[in-house]
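Paired with subunit B in one complex and with subunit C in the other, subunit A is shared by the two complexes that follow.
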Partner chain A sequence: MQVAEVDPIRTKRYVEETFRLLQAKPGVEDILIMNHSGVPVKTSMDRQESLQYACLYDNLKEKCQAFLTKMEPAQTLTFLRVRTKYHEVLITPDAKITVLVVQNAKDSFINIKG
Partner chain B sequence: MQVAEVDPIRTKRYVEETFRLLQAKPGVEDILIMNHSGVPVKTSMDRQESLQYACLYDNLKEKCQAFLTKMEPAQTLTFLRVRTKYHEVLITPDAKITVLVVQNAKDSFINIKG
Partner chain C sequence: MSKNSRLSTSENLRKTVTKAQVVKKAAPRDRSYDDDAFVTLFGHRGGRDIIILDNHGVPLRSTCSQRRTFHYVSNLKPLLFMARNVVRDLDPSNDITFMRIRFSVGEIHMTLGSDFILIVVQKFKKLRRSSTS
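This part shows the complex of A and B:
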């Protein structure tokens, strides 16, 4: 028997609390929370930057979904981690909101000079 | 002084050894290694599936790069992790080859019935 997936409850208070908890984490540089249509609802960035990020992410999510549908049609994206030398973007979409966090990811063991 | 980034050496033997090491890891379901033009050079999948994956990944990488260039132009993708309920795709591109691993990611703490 397949457990029915109930849509999560995401009140304004939930969004504020998520934002507060994330902001308190060490290394977090930016946070962007979007609603299910991809519109920023809470952000640490300025308005312009938030909209740019939201739009870029929307394309990325679309390509990810196409990529996942190739594997098994039932797959939906639950977590996405994009890593560069200095930053890491963590993206957690669910049925109601998408949380995007940009964190500082300098490897302590890579001795980066200059 | 910025440390010059030397292109890594990726011989056929390096590719074979990487493939062997990954295959021995628990939970690994599929492995695809592509050259810098995105052509599969070593894979556990059949030919058709490898080409499909390689093509889908190419789109995904492009969108990721666009996403990262928004942050700071100097950013290049070093690692990508795409997670669904049952699978996780780990992608490690470098200057010469890209290694793509599909692994089983059933959370032991999520009790999935049916």
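This part shows the complex of A and C:
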């Protein structure tokens, strides 16, 4: 707990800033920012949905992290991107926070081919 | 994998690869890749391992050694199916198409087609500029 609260003012402003910058990007549908233990801190989704997303994707992120540490040499995850038919979820683990962005997947290749 | 099984899997690969090329990619290059040409083409572009799996995650073809392939597949296959479950949990009509794991010295791309799974493991060079197509 102490580690997360090391510099709370900067973290909060950082979160707000990140949120604002992300919302300004085109194609972004939802943003979810979690703290280092996976609890949603700031989100544009409603409560239930944000908890679901946070839980499931944090779990996935942990598994990816575990896989990478098994590789030699041990790596740390910098980015995780899961793309689906309708949208794309980007997960960025950071020192203090984890940012999850759901964005529109304009997949022109697959659409053209039907 | 014995020599016999290798031959049969490469035949399966020919079927799956050509079908996949038509469905998935816009194919700026020639559509029907010969078995080895496909793999060597990517192999020359610096530091890539390609693993081709069938729909159930059974490895068909790989550019790296069998031990390494097994190591990758045994870790990545459950990860991929877990991601698919995550996506389905959130929205039952949705289905995963790609997954990209990126770390400081490289990245792993996983593509799920209708008949196959393609995994590309890539290592960046020192300048952190991987050769792009």
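Assorted remarks:
Methods note: the second predicted complex is superposed on the first by the 96 of 114 C-alpha atoms of A that agree within 3 Å, B and C clash if a C-alpha of one lies under 4 Å from a C-alpha of the other, contacts with A are read in each partner's own complex, and residues count from 1 in each chain.
To be clear about the criterion, contacts are C-beta pairs under 8 Å (C-beta built on N, C-alpha and C of every residue); 3 or more make two chains touch, one makes a residue touch a chain.
Quick caveat: nothing in here was measured; it's all calculated off a predicted structure.
By the document's definition of touching, both partners, subunit B and subunit C, reach A:Leu77. Counting contacts by the rule stated earlier, residues 52-53, 56-57, 59-60, 63-64, 67-68, 70, 75-87, 112-113 of subunit A appear in both its interface with subunit B and its interface with subunit C. The touching residues of subunit A, when paired with subunit C in their complex, are 52-53, 56-57, 59-60, 63-64, 67-68, 70, 75-87, 107, 109-110, 112-113. Remark: subunit B residues 1-3, 52-53, 56-57, 59-60, 62-64, 66-68, 70-72, 75-87, 89, 102, 112-114 touch subunit A in the complex. Interface residues of subunit C facing subunit A in the complex, by the touch rule stated above, are 22-26, 75-76, 78-79, 82-83, 86-87, 89-91, 94-107.
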